Amino acid sequence: MAYVDENTRVVVQGITGHQGSFHTAEMIKFGTKVVAGVTPGKKGEKIHDVPIVNSMREAMDYEPNASMIAVPAPFVKDAAYEAIDAGVKLIYILTEKVPFHDTMEIFHQASLRSVTLLGPNGPGVTRPGYSKIGIMPNQIFRKGDVAVASRSGTLTYEIVDSITRAGYGESTVVGLGGDPVVGLTFVDVLKVFENDPDTKRIVLVGEIGGSNEEKAAEYIRDHVKKKVVAYITGRSAPPGKRMGHAGAIIEKGVGTAESKIKAFNSVGVKVADYPDDVPKYLG
Amino acid sequence: MAYVDENTRVVVQGITGHQGSFHTAEMIKFGTKVVAGVTPGKKGEKIHDVPIVNSMREAMDYEPNASMIAVPAPFVKDAAYEAIDAGVKLIYILTEKVPFHDTMEIFHQASLRSVTLLGPNGPGVTRPGYSKIGIMPNQIFRKGDVAVASRSGTLTYEIVDSITRAGYGESTVVGLGGDPVVGLTFVDVLKVFENDPDTKRIVLVGEIGGSNEEKAAEYIRDHVKKKVVAYITGRSAPPGKRMGHAGAIIEKGVGTAESKIKAFNSVGVKVADYPDDVPKYLG
Amino acid sequence: MNLYEYMGKNIFRSSGIPVPDGYVVEKLSELKPFEKPVAVKSQILLGGRGKSGGIKFARNADELKDFTGQLLGSKIRGLEVKKVLIEEMINIDHEFYLSIALSRPDRRPIIIASAQGGVEIESVPEDKIIKRLVDPILGYSDYLGREISQFLGLSKDISKDFMSILRNLYNVYVGEDCELVEINPLVITKEGKMIAADSKIVMDTDSMYRHRDINITDPEKTPLELEAQSKGYAFVELDGNIGVIANGAGLTMATLDALTLHKGRPRNFLDLGGTDSVDIVITAFDLVLKAKPSAILVNIFGGVTKCDTVASGIASAKEKFNIKQPIVVRLSGVHEEEGREILKKSGIDAYSQMMPAIEAVVNKAVTA
Amino acid sequence: MNLYEYMGKNIFRSSGIPVPDGYVVEKLSELKPFEKPVAVKSQILLGGRGKSGGIKFARNADELKDFTGQLLGSKIRGLEVKKVLIEEMINIDHEFYLSIALSRPDRRPIIIASAQGGVEIESVPEDKIIKRLVDPILGYSDYLGREISQFLGLSKDISKDFMSILRNLYNVYVGEDCELVEINPLVITKEGKMIAADSKIVMDTDSMYRHRDINITDPEKTPLELEAQSKGYAFVELDGNIGVIANGAGLTMATLDALTLHKGRPRNFLDLGGTDSVDIVITAFDLVLKAKPSAILVNIFGGVTKCDTVASGIASAKEKFNIKQPIVVRLSGVHEEEGREILKKSGIDAYSQMMPAIEAVVNKAVTA
C-alpha cells in the first residue's frame, strides 16, 4: 500500500475552514472516503455531506485511519497530537509556516508510534484510481505506472501534467513538503515505490537545500532496481537566499543543485534540465 | 527468551558504587556476562575484572544488550535515558525511592522504543542456569520448571527458598518492584511465562495496593493454561498506611488483599495462606 | 505528603491559576483591618473541615477577630489549628470538580472533572464524570481541555479560563511531583470568573529532595512513627502486642499476616531494609521497645542482610536495653549458622523456618 | 531571523547563562561613567566585526567616549551602526566553541563543541570537534553534557558550570524556537569562570507569532524585498532584467532555472502562492515593476490558483500601471481557456506550455 488506497478513511481536522472545506470537496470528487470532519463546537452539522464532530476522539466512531490537518499554524501541533493520541496511522499536514521545532516534535512523536507524517507544507499524496489526501488538482492525473515524489507543490503538478500529456500515467504522487523538517524523505518514499507492484518508473523532483537528494542517490545505488529520473530546481538560486520554501536555501555550500545533480548522475539517474523534459527519460 | 539468557550481556551503570560493585561480583558468580561498567571519569580502570568506561556510548563497544542501573535516585532518569539512547533493550533499575513521575516517563519512553523496563525498587530477574540481573541471593535457586513473579524482594527469596526446599526448581524469577509505577505488570510476565517452554507452573507473589493482581486474574482466566499459584501479602495491613513499599497502600477501598484473593480464587488460582504453603499447591 | 490549603493556593497563584485573595495568620495580631466579608479557614490536613466547624464566615471586624481567636489553637478532630487562612468571600454561581492523579493500571496521569463539584467525587454518578488519560510523552495538549470543557458545558469565555487553569494545573502536577492535585470546588463566580476555591495537593514523598522548601509533618503519623521516619526506617504502629523486626517490606508484611492468622497481634511494622550494619539492628530494637511489646519477633531471610550481623545486633540490643520480653528469632540464608552460634551465647535459640517462629512468639506473647 | 549580540546576551542572562556585564547605547549621552576597561562593540549583523574595526577596547574615559562616538552612526561593510554594546573586559584563559542547530538529515537538534574556539568552526579539524544528536522526545539530559565535557577535557569545577550552560542553552534553543544558538567563544576566564563572550542566535521566522517582542529588520534584505515581505510575498531580487511572477516556490524556481539555461537573466523570484485574488496579482506587478525589468514573464500552473483570476489581474495591472514592457504569459490548468480569452482582450497571447514562453520572454528581453 503506497500511503493510501481504497480502504483509506480520512478525517479532516479544520474541515469548515477555507482550505479544509474546499479540498474536502475536491477529495470527495476524486473518490477519497472522507468519513468525518472536526471543528470544535459544530458537532451535528454537515459539510459536503460529511458529518462534523467536536474532536478526534469523536471522529474515531467513523473509523478513520488517516487525518488531514488544515488548521492555522499555531494549532497544528495540538491537532497532530490529538490525531496521534486518537490512533490514526497517517497524518497529512497541509498548513504552511509551521515552526520547525513543532514539526520536529510531531515527527518524532509520530514515528515512535508508527504513524506516518506527510508534510507540512506539501500537496499531499495522490493515487489515481484509489484515493488522494491533499490539494493536488484532480484533473492532471491518469492512472499509470510512474511514481512521483517531490519537495514542491505547483512544480509537481507541472511535471505530473507533462507525464500525463506524454502518454504515461501515475501510480502514486507524493509531495514531501517544502519545510526543513517534513515527515517523509526521498529514501522513505523510494522504499515504498520500489516495493509497489503498481510502480515501474520513479520520478524524484528535488530542490536546493538539505541533503535529501544526495541520500536518495546513495539509496538508489544500493537498493532500487526500478528506473529513476530526477529533476532539481534552484540551479540559478544565489546562496543564502530562501527561495520561497523555508527548506530551499543553500547554506555554506551545502544543498547546492550541482551537488544533487552530481549525486544522481553518479548512480545513473538522469536529471532533466526542464520540467517538460522529464517524460523523455522515462522510456 | 524470558528476559535474560546466555546471550544477555550486561553493563552496570554506577558499577563502582557500593551496590553496583557488590552485585556485579554476585552476578558474575551466578554466571552473568557483565561486559562493562559505567562510572564517569574512571575509564580504563577495572572492577571484578570488568572494564570501566565513562559513558553508555563507550560501553556499547562491549556490545551489551541490557543495563543495570545502580545510581542514586536523583540520577536514575538521566542514566535510564542514556541507556535508552545508547540502544540497550532491557533496563533494570535497582534503585529505591525514585520519584514516580520519573519512572512514569522512563517507562513510556522505554516502551515506545521497545525497551523492557524492570523495576525500580525490585530484585531483578534470575534464570538459574542462564543468567541473572539484579540482587537475588544466588544460593536459593535450583534450575527447574517453576516461574515466579513477585512485587517484593526478600519475600520472593523466602518463597523461592521454600520452593527449592520442597524439591522443585525455578525456570525464571522476576521481581516487578515495590513502587506504584514499575516497568512490568503481572500480565506482562504471564504472557512471557505462558510461552516459555521451560516453565510448567507459575507462582505470583502479590501484595496490597493497585489492581495488578486483579488484572492478572482476568488474564489467567482468558489466556493462561499453565498451573498458577498465588500468595498475597498485606492481609493484616490497615487502610491508608504505606507498608514499606510506596506501592503497598490501600486507598479508599482499592487494592485490598481480600479483593485480590477473591479475584484469584474466582479463576481457580489457589492462594496460599503462608509463604511456606506455596509449594503444597504446585503439585 | 499533603500540603495545607494555603500552600496549595500559593502554588496555584504562582502557576497562573486564579485563587481568592487571602493571607495566613498564626496569631491574632497578624490580622489585617477588616474591609469586606471574609472566610476564616483553619489550616488542618483533614477533609470536611466545614462540617466540623473549621470554617467560619466573618461579616464584620468583631466577627473576624472572634472567629480567628476561636479557631487558632483549638483542636478539630484531634488536630491543633496552628494557622488560619483569611480569604475574600466569593459569590458562587456554579461549582465544578477538577483533579489530576496517577492512574496506576495505565501508568499515566488521569484528569477527572465533573460539573457536580463541591461534593466528594465518589458520590457523583459515573455519567456525570469525565476522565481523560494523558500520554506522558505527548504531554498535556489543548485538545484534552477542549473535550473536557465541552463535556462540562462551559461557555466560550469560561472555556478559555478553564483551558488555561487545566494547562497550569497539569504543570503543577508534573512540576511539583504530585500524586494528586485537586480543585474542589472549582467555581464560576457570579461575576463570571473561574477560580479555585479550594486546593488539595499531595506530593510524592520520594521527590522531596527536589522540593526542599516544602516540609510538612504528616498529622496521621504517631510520634514514634515520626521518630522512626527521621531515623530512616519504614515503621508503622499497630495495635497489638508483638513487636516485629524483619527485612524487606514484603517479608515484614507476610510476617504480620502470618502472626494475625495465628491469632497473634502485631504491635508494629518495621522493615530493616537491605542492611549490613549492627547499629541499624540495635536502633530498630530501640524503636520497637518504645512501643512496649509483650514479645519480639525477628524474622530474617539473609541475602544482602547477613544473618550473623543481625544476630550480633540482637545480642547487643538485648544486653544494652536489658530486654526482659521474650525474643523469638528466625534466621535463614546467608551466614545463618554463624548467626545461630552468636545467638546461642545470648541464650536465644534461633529457628530456621518462619512458621515455627510465628507459633512460638504468639504463644510467648499470650503467656507474657 | 538573526538577533543582535546584545539581544542574544539578554536572553542568555535571563536563562542562566553567564555573560559579561554590559549595556547598550544609541547615543553618546547614554554612556555611563568610566569605571574599568571595557570593550566597545558595534551591534551589526555581520561576522568578523573585529577585523572590520567594529570592536574597540577603551582603557580610559576619553577612549570610551571617542570610540563610542566613532562607531555610532558609522558604516561597517555597508551596515550602519545604530547601537553599541559597552561591555566589561574579560581575562581570557581559554576559548571554546559551543552551538546547537538543526541537523536536517536526522531531523534532530545537534550539539557541536570544540576546545578550539574563537575561530570559525569550519576551520577546526574534525577530530577536535564533538557532535551529539539530541533525541527531541527524550530531550536534553545530562549524560550528553557529561560526554561533551569529557571530550573538552574540562576540570570537575568547570564541568559543572559547562553542564549548566549547555542545559540552559538547550532550553534557549527550544524555548526561543532557534535555528541556531552559538557561543563562540565560550570562555574560561583567568579567574576560573565559564562565560559566554559572544552570542549568535538565529530564530525560526515561522515561529515569530509566539515571540512578538522580537522584531528585527533583516540587513541582508533589499528595501524592495522588505516591502514585498511586509505585503506577504516570497520575493527575492536578482541581478537580471526579466521580471518573473509564478505560482508555487518550486515552479518559480524552475522558471528562473529555465530562463537561466536559455541565457535569460531573471530580475527576481516572486511566488504568488496559492491565491485566488485579483489584487494579489496586481500588487505582484507593482513590486516587479519597481525592479524595472526589461520584460515580464508570468508562469501559472492553475490549481487552487485559477488561470482566469490571474489573467484578470494581469489585464488590470497592464492598464493600471500602463506597462510598456513586453509581458509574456503562460497559463495551464484550471480555467485556462477563460484566462486565455481575458488576456486576448488585453492584446496578450498566452502560451499553454512553459518552454515556448521561456524562449519568447528571453528573446523579448534581449530586444527590449
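Chains: A, B, C and D, in written order; residue numbering restarts at 1 for each.
The definition used in the following text is that a residue touches a chain if its C-beta (ideal position, glycine included) is under 8 Å from a C-beta of that chain, and two chains touch if they have at least 3 such contacts.
Keep in mind the model is a prediction, meaning the values are calculated, not measured.
Peer 1: Could you state the distance in Å from the CA-based centre of chain B to that of chain C?
Peer 2: Chain centres of chain B and chain C, defined by C-alpha means, are spaced 27 Å apart.
Peer 1: Report the inter-centroid distance (CA atoms only) between chain A and chain C in whole Å.
Peer 2: 54
Peer 1: Let me have the rounded angstrom distance from the C-alpha centre of chain A over to the C-alpha centre of chain B, please.
Peer 2: Averaging C-alpha atoms per chain gives centres 46 Å apart.
Peer 1: In chain C, which residues are in touch with two or more of the other chains?
Peer 2: Residues 135, 137.
Peer 1: Please output the residue numbers of chain A that touch at least 2 other chains, ranges allowed.
Peer 2: Answer for chain A, listing residues that touch two or more other chains: 109, 112.
Peer 1: Just say which it is for the chain contacts: an open line, a closed ring, a star, complete, or other.
Peer 2: Basically it's none of the tidy shapes, so other.
Peer 1: If I apply the definition of touch given earlier, which pairs of chains qualify?
Peer 2: A-B, A-C, A-D, B-C, B-D
Peer 1: Where on chain B does chain A make contact in their complex?
Peer 2: Touching chain A from chain B are residues 112-113.
Peer 1: Can you list the chain B residues touching chain C in their complex?
Peer 2: For chain B paired with chain C, touching residues are 22, 73-74, 97-101, 104-105, 107-109, 112, 135-137, 139-140, 150-158, 161, 178, 180-181, 205, 207-208, 210-212, 215, 231, 233-238, 240-248, 252, 257, 273-276.
Peer 1: Which of the residues in chain C come into contact with chain A in the complex?
Peer 2: Contacts found on chain C: 135, 137-138, 141-143, 146-147, 150.
Peer 1: Once bound in the complex, which stretches of chain B touch chain D?
Peer 2: Listed in rising order, the residues are 40-41, 54-57, 77-79, 81-82, 84-85, 109, 112.
Peer 1: For the complex, give me every residue of chain D touching chain A.
Peer 2: 102, 104-105, 107-109, 122, 135-137, 174, 177, 179, 204-207, 209-210, 220, 234, 236, 238, 246-254, 256-261, 266, 269, 271, 274, 301-305, 332-334, 353-355
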